[in-house]
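Got a structure for you, written out below as structure tokens; questions coming shortly.
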Amino acid sequence: MATLLQSCLFLLVLSNFLLLGTPRVPGLTRLTAFQGLLLAALLLILDHALLAGAVLLIKGALLPSLLWRTQKRLPPDALICPTRRVGLGVLAGMAALVFSIWLDGKLVMPQGLFPPMLLPTGLGTLFCGLILIVGRIKAITQVIGYLVAENGIFLLGVPLMTAGTVWFELALLLDVFVAVFVMGIAINHISDSFASIDVARFRSLRD
Amino acid sequence: MSGELAVYLVQFALALALAPLLPGIINRVKAKFAGRHGKPLLQTYYDIAKLLGKGEVISRTTTWTFAAAPAIALAGTACAMALLPLGGAPSPLAFAGDFVLAAYLLGMGRFAVMLGALDTGSAFEGMGASREATFSALAEPVFFLALMVLTSLCLDLGRGATAAFSLSAMFDGHTAGAWLTGKGELLLLPVIFFVLLLVENCRIPVDDPTTHLELTMIHEVMVLDHSGPNLAMILYGSALKLWFFAALAAGLLTPALPLWQQAGLRLLIILLLAVAVGVVESIMARLRMERVPYLLGGAAAMGTLALILTQAR
Amino acid sequence: MSLFITAICILAATAVLCALLAVRPLSENAARAANAVGVVGAVVGCLVGLCSVASGPWTGSESLRLPLGLPVGACSLGLDALSRLFLLPVFGLGLVCAASGGIALRHEAPDRHNFAAHWFFYHMLLLGMALVMTARDAVLFMLSWEIMSLAPFFLIDFNDGDSKVRDASWVYLVAAHLGAVALMAFFTLLWQTTGGTSLETLRQTVSYGPLAQPGTVTGTALFVLAVLGFGAKAGLAPMHVWLPEAHPAAPSHISALLSGAMINAGLYGLVRSFGFLAPPGAAPEWWGWALLLLGLATGLMGILKASAQSNLKRLLAYSSVENMGLMTMGVGAGLIGQSCGNAWIAVLGYGGALLHMLNHAAFKGLLFLCAGEVLHATGTVRMPLLGGLQKRLPLLGAAFALGAAAIACLPPLNGFTGELVLALSLLDGPALFGVERQMGLLLALTGLAAISGLAAALYAKAYGITFLGEPRSGFAANVHPLSWRTLWPLAVPAAVCLAGGLAAPWFFDLASGAAQSALPLPHQMTQAGLDGLAQARASLAVGAKISGAGLALALLLLLARRVLLRRRSVESMPTWGCGFQGASPRIQYTDAGFTEPVAKLFAPVMGLKTRLRLGQGLFPQSGGDLNVSAPDRLRSGLFTPLFTAVESLCNACKVIQHGKIHLYILYILATVVGLLIWGLRS
Amino acid sequence: MLTALLFLPLCAGCIMLLWGRAVVCRVGLPLTALGHTALAAMTAARVARGEAPAELGGLLAPDPLGTLFLMLASVLFLTAAFYAMHYLREEERIGEHTNILDHGRFTNTPERRFTACLCFFLASMTLVTITPHMGAQWVGIEATTLSSAQLIYFHRHKRSLEATWKYLIICSVGIALALLGNILLSVAFHSAEAGRATESLDQVGWFVRNARLAEPTWLKAAFVFLLVGYGTKMGLAPLHNWLPDAHSQAPSLVSALLSGALLNCAMLGVLRGHQIMLSAGLGGLSGGMLIFFGLLSLMTAAIFIVGQGHYKRMLAYSSVEHMGILALGIGVGGAAVSGAMLHAVCHSLTKCMLFLLSGNILARYHTYSSYDVRGMRWTMPVTAALWTAGFLAVAGSPPFGLFISELLIFKGMLAADRPWLSAAYLTLLAIIFVGLSVAVLRMVQGNRPVDMAPAKREPALSVLPPLVLGLAVLTLGLWIPHWLWNFLTRAAALVGA
């Protein structure tokens, strides 16, 4: 049981670094789907079967397919990021992991609530998502980064379900779904009117 | 008291009467130096009398300002004179701070004359007014400095604030004669007053009243356009002014003697001062205009020095 | 008190009425209606106000508390001698300026200006000033102070089509607001330290409160803030920069009101706040010296800058700065006397300052109104273009001459009296202990003498160049005449100038009453103070008699001249050109030429900028020209660099808003990390 | 009644969305607003009377703090709704739009969707203000983001799209962090939860009551995340970057609502966290962080207001400034908190007024640049007068309400013995005043542009709403009713006054 959980968490961390290291958008989309699967698995291990199904549905299938559809509509050259940013991103990811482990040491654990390594993993995923948003300058990668960050938060919320507060996860799923939906719409508008989803071009509003 | 009043009144009458004598004395001294015989001593009286008998020629440009200027100047000077203690007898009008009034009364006359000069719209008279304005503005603080030495001295002598601030107290023999009792710095004051006399009455080395070149004049050029009774008033007014400053210097030099002697001594000193002016005028050349401030600055320095010394005691 | 409230209500009602009129579209009738309402309201209100000031014993103090619907402060008003004294110029000039303004605005185009708005702000200004002078609560004081400071902005802004006017009004607004900020700090700090906002109770609380012992940090901070805040209003150097900008830009009746009544509020604030800030023995002596020096510097700077100006209204503005400097000297002397235990210096310093305030209101109001009439008659106030107005506008010339003589401190006019009392106060310096104190006061008196001497020169120039001689340009040559119908408002301040000189003791009673109530003296000194005031009053009485006699004598001499000249030839000829025949108005002395000797002496302070363009060739056909200007050094040297520095700093920092969204997210990330470390580092 | 308060705008929005005749939208909007305001007023009255209304099993149970912001949001929405009637008519009249900056043609979002989103926006703000449940509050705030994104993108051109995107991404990230804050919060209370008998929905109250039992480290971390998350939405520097863009691109009435109502709702989230920290005895830390943000926001506002040429951005930065002042007031604590409450009220009214006016100016001059606007006092006198008054009010000069509140906050700083903080506060306020004055006066003064017709009567619906708001602010500067002050103090008492 515990070993399964730990290996899931390890895979999650690994997937984070893969995300940070992947320059191409399709790869990122697949990895998000993979993270969704991992989360579902994790929930199964902590035997929340029902929620696991929901997660599998939304994070594992719905959102990736949505992203997939969006990126199909985009010109292929819009899907590659410069590699220099990628390298920096991985380094930043390392730093994020170290920082979250530091936090883990600082926070006094309530007994029996958090499995070991879950907190750093969650925080690390969150930071990795943010780093992804910072490092990539495509609109769609920012959506993916947001998704990853939400995964991290979701992960941190998981132990609380044992404490009975389910609303976090439900709200989160709903929210993620709607948000990504709206963002997808926005991306479509962007690609229509800018003929590109390179947010680095979003510089007309400044001082 | 009544004796003092009598002395005062006599002296005041004398001052009014003898003032025009001073220019005569000065001219006579200068003439002697130049080896000429010179005008009669009473020339100013003759001039005034003659002018009073004449009509006037008035510039078309001018207004009532021009017409009224000499009268105002004369009145101001006369009132200032009335505040002066004469012959050791305090002025019956004396009050705390009367020297401020005296200074501003003279200023009033000066103001009127300047306006009268500007009223003619002549370049020369405007020039004269400008110079007069500048020099009198610089002379005023010096005048105050010199008098402040005396006020602080009065205060040291234990007079109350109210008594100490009037000319009559400053110039009674005890204060003014204090240099005899070892307050040597007081001897600077007559010098300052003499300088002020030269500046205020526009004598050489500040101004040359008798030159024939208007460009170099100050006072004379301002009154170019006056004639007849007005010019008479101007002449008499400037004579009074001369007397005023001479009396100041004289009041400092006379020690505390019985009233009548003091009065006589003072009169004598005034006349001697006229002689001194004449001497200075004949042995000195006129300073260049931009030098005059240095003269006043020197006087101011002396005043400050005297002040410090008085305070230090 | 009830009369005062009535006056306030009348002014407020008129203001509301004007506000309602202001929304109507501009038209001839609207303008006329607005003028009528504004003038009548102001005149009636000010008359009632004057009655309220006169009502009741002068030194008696009444107070009144109305509910103020704010969680802080209270609406408590009070009338004591000080308030009454400062209310006199407010209501008096308010009345005069309203009347003359109503006449002046007839010349303005009704479709280019919103007269109703103008009158609305005029009444707001009057209201603000009246409330400031009577407020007995810090919060109420600040509110009315800000009303008083904001209203003039809209009044100065009257001709806002002109960029110069816009600039001037902006400078005014900024100066006023910065001053108000300092005051906010001042009063709030006071409130914090004493625990109350009522100025009445402050006096008691401070005397045993934390400010009782001199030289505390709080006390120093309070002093500095007060000087900054009130000094900015009073125009003490270097906060005076707004005055020479605002007064030329504003309509003349506004300049008169601002210069005669509003800037007094700064002095009032200083005096009032020292009333509770410096209880007997609590004021460090250096406060007095600081004020004395500040006043002296302001006075000298003001008079020298004034004599450098060629624009008549700018000249008057700088001379207001100079006069405020003199009053500040008086207050400083008062504080010195108080802290050195010399009642004579203390009471006469205060009395002189307050008396001079009263006089200054009269003659400065008169002079500004005259300048306004000159503007209406000729279309310019640039002295190089004027001259010969005395012949063309005799009434106006006489009024200006009177004002000029008064402000030049010439007896028998009122300017002299204040000067005399100040001089008496400083003269007692030798009675202090220590040569440095004695020399300090006496040298200050020397400075005072220098200032008044320069003032005489300045106003000889102002009147002589503007009104005497021959017209220097077409502006002055063909003026449109002014009848007594337009000039009658000037009669009031002119009369006050004369009465202030000839009836000096009565005017001094007003000031001395205020000085007693304002200056907190320990009771062992009160008797001496009363004696001092009595002595000064006696001196003024004799002085007034003598100068009156001088006036009589002058009239007598004129009469004698008239008698002599009867039946004699009085011919009028052209001015004697010393043999030069081709005399023309252009060879007259100009203002620049008149001040040239002074300018040479004080070049560093005056900072004249001369631009000389010579004609070409040996016999130049096109005449060259000489342009002399005196920009304000403190503005160009201190404030402009400061503001530009701040602006460039801000512009340099603007790069952080670069528009790159992913970096914005980076900001968030960095903030989270930083705050987590801050929160959990222990 | 609370349920009605929540569902009235929801249903109205749905109706507009489904059966979206223009007349329905334009008439329905003010009607909804009126009904909502009436209900809100009733609620406020009950709360003021000291009752504790609760519905949906305690999910909706407003406390004074929330009720205050509820009233604000409702009133502002009312004015904006009336303004919208005029605004939408104008928009329809223009028909074919061209972008002011790049002159590209664009169309508007369908009116039905716009009005519907307005209603949803109101509903979500209502939820935020009246629920005592942190989670529900979080949901509400997220909902405001999603519904207002549509509003910002009303004019469908590139710039508004860019603004919308930035708004969406930055705020979503912020909200996500806030959610994490919530999670950490309940982790902090986990051990305490064990002793909790029944699952009541009045979370805030419960947290506040048992804050001592909570695990401090987690509490700190939770507060950090809440602060950053909701602070992003509230527009505290350096998290404010979406704000000027969104406010400058959104239609003016939307900017008015965002700046006047939304920012306060976001602040409510921060306040809840601060409440818990205070009762946990960690008020020092949270106050310090608030002061830090406040000072930073003031600086940022000063930097960008000085020499700002874009008058809507200028207003946006002034919102940043005032959020900073609020943060300062709350962080300092003591007397300053009630001042901050008053400040929130006055700022919302003033800023709403200014943004509505900016809409008028934009419609008349067709430019964002204050350099190109001249002589407003001749072309649009009423707007010009209100614009000037609004400038004075927002710059915090008497006799407007903001002066009183800023004075109280300053007093609080001195009382808390922070002389340097108060000095910096005054200095920055002065700089901001100067910066604002330059731009505003430049626009108001001067001669009428030659190509522009002289003043014609301005439509009543375009000037009346701002006028009403302006009068309200003026009144608050001279007379604050007793009941209102009591209400403010009660609200302030919850956050440590």
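Chains: A, B, C and D, in written order; residue numbering restarts at 1 for each.
Please note the rule applied: contacts are C-beta pairs under 8 Å (C-beta built on N, C-alpha and C of every residue); 3 or more make two chains touch, one makes a residue touch a chain.
As the structure is a prediction and not an experimental result, all values here were calculated from the model.
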Grouping of chains that still touch (sans chain C): A, D | B
item	value
Contact-richer chain pair (by C-beta pairs counted) among C-D and A-C	C-D
Rounded Å distance between chain C and chain D, as computed from the means of their C-alpha atoms	44
Separation of mean Cα positions, chain B and chain A [Å, integer]	101
Centre-to-centre distance between chain D and chain B (centres being mean Cα positions), rounded to whole Å	79
Chain centre separation in whole Å, for chain C relative to chain A (CA means)	69
Multi-chain contact residues (two or more partners), chain A	103, 106-107, 130, 133, 142, 199, 202, 204-205, 207
Residue list for chain C, restricted to those that touch at least two other chains	654, 657, 659, 661, 665, 668, 676, 680
Pairwise chain contacts, counting only pairs that touch as defined	A-C, A-D, B-C, C-D
Chain D residues within the chain A interface of the complex	101, 135, 138-139, 142, 146, 149, 153, 156-159, 161-166, 168-169, 172-173, 175-176, 179-180, 182-184, 186-187, 190-191, 193, 199, 215, 217-218, 221, 244-245, 248-249, 304, 308, 313
Interface residues, chain A side, partner chain D - complex	103, 106-108, 110, 113-114, 126, 130, 133, 139, 142, 146, 149-150, 153, 156-157, 159-160, 163-165, 167-168, 171-172, 175, 178-179, 182-183, 186, 189-190, 193-194, 199, 202, 204-205, 207
Residues on chain A engaged by chain C in the complex (per definition of touch)	99, 103, 106-107, 127, 130-131, 133-137, 142, 199-200, 202-207
Contacting residues of chain B [partner chain C, same complex]	52, 54-63, 65, 67-68, 70-72, 74-76, 78-79, 82-83, 93, 95-98, 100-101, 103-105, 107-108, 110-111, 114-115, 118-124, 126-127, 129-131, 133-134, 136-141, 143-145, 148, 151-152, 155-156, 161-162, 165, 214, 224-225, 228-230, 233, 289-290, 293, 304, 307-308, 311-312
Interface residues, chain D side, partner chain C - complex	165-166, 169-170, 173-174, 177, 217, 220-221, 223-225, 227-228, 232, 238-239, 241-242, 244-245, 285, 289, 300, 302-304, 306-307, 338, 377, 381-382, 392, 395, 397-399, 403-404, 407-408, 410-411, 414-415, 422-423, 426, 429-431, 433-435, 437-438, 441, 445-447, 455, 478-481, 485
